[in-house]
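Chain nomenclature is as follows: A, B, C and D, assigned in order of appearance, with residue numbering initiated at 1 for each chain independently.
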Amino acid sequence: MKKRIILSFLAALTAIVLAACGNSDTDSGTADNASGNSEETASAIDEIKERGTLRVAVFSDKPPFGYVDSNGENQGYDVVLAKRLAKDLLGDESKVEYVLTEAQARVDLLKSDKVDVVLANFTVTPERQEQVDFANPYMKVAIGVVSPNTAPIESVGQLEGKKVIVTKGTTAETYFMKNHPEIELVKYDQNTEAFEALKDGRGDAMAQDNALLFGWANENPDFTVALSSLGDLDYIAPAVQKGNTELLEWLNTELEALGGEQFFHKAYDETLKPAFGENISADDVVVEGKREE
Amino acid sequence: MLNSGISILFEGINLQRLLLGLLVTLRVASIAVVISIVVGIIIGVIRTSKNKLVQLPFRIYLELFRIIPILVWLFVIYYIVPANFDINLSSEVVALIVFSLWGTAEMSDIVRGAIISLPKHQVESSKALGLSPVQMYRYVLIPQATKRSIPPMINLITRMIKTTALLTMIGVIEVIKVGQQIIEVNNLEYPSASFWIYGIIFLMYFCICFPLSRFSRKLERKWAT
Amino acid sequence: MTFDWQYMIDVLPHYKTALWLTLKLAFIGIVFAILVGLICSIIQYFKIKALSNIVQVYLEIARNTPLLIQLFFLYYGLPKVGITLSGEVCGIIGLTFLGGSYMAEVFRSGMEAVAKSQVETGKAIGLSNLQLMRYVIIPQAFSYSVPGFSANCIFLLKETSVFSGIAILELTNTTKNLMGIFYKTNEALFMLVVGYLIILLPLTIFLTWLERRVRHAEFGN
Amino acid sequence: MSEQVPILQVKKLVKTYGDKPVLNGIDLVVEKGKVIAILGPSGCGKSTFLRCLNGLEEVQGGDILLESESLISKSTDWRNVRQRIGMVFQSYDLFPNLTVMENILLSPLKVQKRPRQEVEAQARELLERVGLADRANDYPRQLSGGQKQRIAIVRALCINPDIMLFDEVTASLDPEMVREVLDVIAQLADQGMTMLIVTHEMNFARLVADEVIFMDKGNIHEHAPAERFFSDPQTERAQQFLNILQF
């Protein structure tokens, strides 16, 4: 009996390992098969039209960018854009299927073809560009650090020996891991949890996209974004599955057209301004559909 | 401050949303339970076979689900399958697959255990009385095995319902996720939101699982002889 | 399915740390769970009046709610009423809370499996309740409890995966972190599964062996 | 001699399970040194009667006096009483987790707190007497039923009780082992131990008992010297019972 159990486990284990090895050998020849597939499909846009809905990954816990209000409706800056995309592509702004995501799930949602577009505060980074294709940007962002008024953090040096809260899969996490491995990070799956943890004193500060922090600190007067910009200025852009050029090109044209009508400034006034207050100007955050030089 | 916290539930349609979230949870659980029972019984009966070649694969299958945490299974199916095999699975379908596979494995073990644990002399005396194999199963073995497997089966159902809490971690919009959305939006107005929301969800699970486990214990006692 | 072996070697240290943390938290949690379970089962066995009711309520609550919600409540809910505990402490409390109820159940049924005549004989030679526990019931209940006990140990060890919900860097959470940074999903999940196999396979085999040993030692036939 | 207080007196003892009467007012006087056999058909209440004497069953009415001290009160310390009234059961119940010697020493050391040396010496002597001196370090599972039962008797004796209660101690033994156990009890009778013995072994009862109690349906139907009971039973019920036993 005992022997049998051990044997069966060994068998299972070898099976797994063999499967893994075998695949790694054979797949090298047909590499990038998955991404190739999406190119081959007749037309990504036709597929969406046939389905009748645009599947968009948005945050559900990141007001004012993407959140769900007390009536269960998706709201926020990203959602405004999602609605507009649906309107221009399918003729009806309600034809959006919102897939609620967490920061670290964004790449996998695209890779596993669960969504067409990610509109979830997705910052363009070299690592991510290897995994997905980014369209033109619609926001710009740097990493900010928010801390309690009683012990404000004004420089990275002050963080030495302290705990910094981050949300998994964000640029803030990557930044600190690469540039300041000596600082202890406390990581959460969701922004909700990260902000709660900051309030509960589980860390000395929290690092996130500064735009998000401005809004949050504006509503939480006990906290301040004493360190408002860290690292490089980055862009936030819609992302599609790697190799989905058709949808990517459509998005770029669409974004430029929207930029022409100052769509994103309007969206800012509608969604972000009430949260950010008057201290921040729209031009600090918004990009009108293409990179600014 | 705490007293006012509970009123968060009556803000907008929050309570309704929580209940709808709970419904998603229960939908996954109940479909998986039905599949598990049906397939589990079949596999359970097959597993009573004395043939080692029949036993071994099912045994490995069962042990894999016993050894690897359900949360890990959820992640594995959620991330690995669609990315590598060009199949699109929604998180709810992933949950259904994992829960059904797990429930079937456990269910088959319950059924097998119930049949095997029947005293040998029950078979022998049925044969001695001249019952045909079908009659033996129909009148002697199945009624006894059923009594033995129903209480642990209800326990398994309770466990499956409890484990649905993990679905939030692969992005199923169920009761916990909805709770978190409510917390996020209402945090400012109700600083104690998480205390109340998590408290309520805690209570919801209890209200579903408690009667079930109570029921199974009652049956167990009733059928103890 | 492609595998980047170099990457897996690179992140090995992360997994090593996570594996130890998983083991450490599980071990502490299980030890406390045994203590809680033992106390509860003794109270229930002797039907000590008021306490027995309290224990019953605890058992029902702990057994009928998911660990994740228990943890969320401890970690995110309690600070709102002024009690802030670290993630690891919450994890251990949660595991003890849940595990204690499972252990109590196993120990109690083990005690009840000890033949009534053994207890009467113990009384007939004048043993006090405490002595009865110490010399007769617990040693025998132990051997009845071993199968349930080992199932619980494995169950609790696996439940530590749920700790990933409260920012504890155990195996599952470490994996999610790495997936979020490097997007090497296949590799990370493969290592996760192997990590659990490394812990649980030997443990399962050991417990199966222990079960057999105990059964032989106590009852011989 | 007859002026001495009886060692055990039972007055109008009543025991019920719910509505079901088990003992309907049992009266019995046990003089020191007497061996009393309790006979009767299955379910007549004889085992329950013994269990009442050792406080294992709650009593609904009547009184039990141990050397004129009543045992029927809330404040009765049964742990003390049980050191004076030893009991051996049908199912012998040695503790499987302890060796023979540990089984015997448990109560004298832990309950009576007697010095180990003294108890151990006594235990060895008793083991010698029942012919099991060489099994002191064995575990119960290594012994036969008859051996286990003899050890159980030694275990009870080692507490130095004034009275011994035997509850069908040979009922679950194979026939060839009955003898070795009964021999031990007969030996005890010779040494003047006060004993109440519930048994189905009629010949043994006749040989060893001074008096016989015949019980049926919770009542004592006949209480007589052993020899007279077997040769000339007075009640019809007892006659029937004895007749049935003889083919």
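Note that contacts are C-beta pairs under 8 Å (C-beta built on N, C-alpha and C of every residue); 3 or more make two chains touch, one makes a residue touch a chain.
Because the structure is a prediction, the values reported are computed rather than measured.
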Partition of the remaining chains by touching, absent chain C: A, B | D
For chain C paired with chain D, centre-to-centre distance based on mean C-alpha positions, whole Å: 46
Centre-of-Cα separation between chain D and chain A, whole angstrom: 82
Whole-Å gap separating chain A and chain B, where each centre is the average of the chain's CA atoms: 33
Inter-centroid spacing, chain C versus chain B (mean Cα positions, whole Å): 20
Of all residues in chain A, the ones touching two or more other chains: 5, 9, 108, 111, 189, 193, 196, 199
Where chain C touches two or more other chains, by residue: 1, 76, 164-165, 176, 179, 185, 193, 197, 201, 204
Arrangement of touching chains [line / ring / star / complete / other]: other
Chain pairs in mutual contact under the definition given at the outset: A-B, A-C, B-C, C-D
Sites on chain C touched by chain B in the complex: 1, 60-61, 63-70, 72-73, 76-78, 80-81, 154, 158-159, 161-162, 164-165, 172, 175-176, 179, 185-186, 189, 192-193, 196-197, 200-201, 204
Touching residues (chain side chain C, partner chain D) in the complex: 115, 117-118, 120-128, 131, 135-136, 139-140, 143, 218-221
Parts of chain A lying in touch with chain B, wherever the complex brings them together: 4-5, 8-9, 11-12, 34, 37, 60-63, 67-72, 99-102, 105, 108, 111-114, 189-193, 195-196, 199, 219-220
Complex contact set, residues of chain D against chain C: 54-56, 78-80, 82-83, 86-87, 89, 91, 93, 95-98, 106-107, 110-112, 139, 141-142, 152, 155-156, 159
Chain A-touching residues of chain B, taken from the complex the two chains share: 11-14, 17, 52, 56, 59-60, 63-64, 79, 82-84, 86, 88-91, 169, 171, 173, 177, 180-188, 191, 194
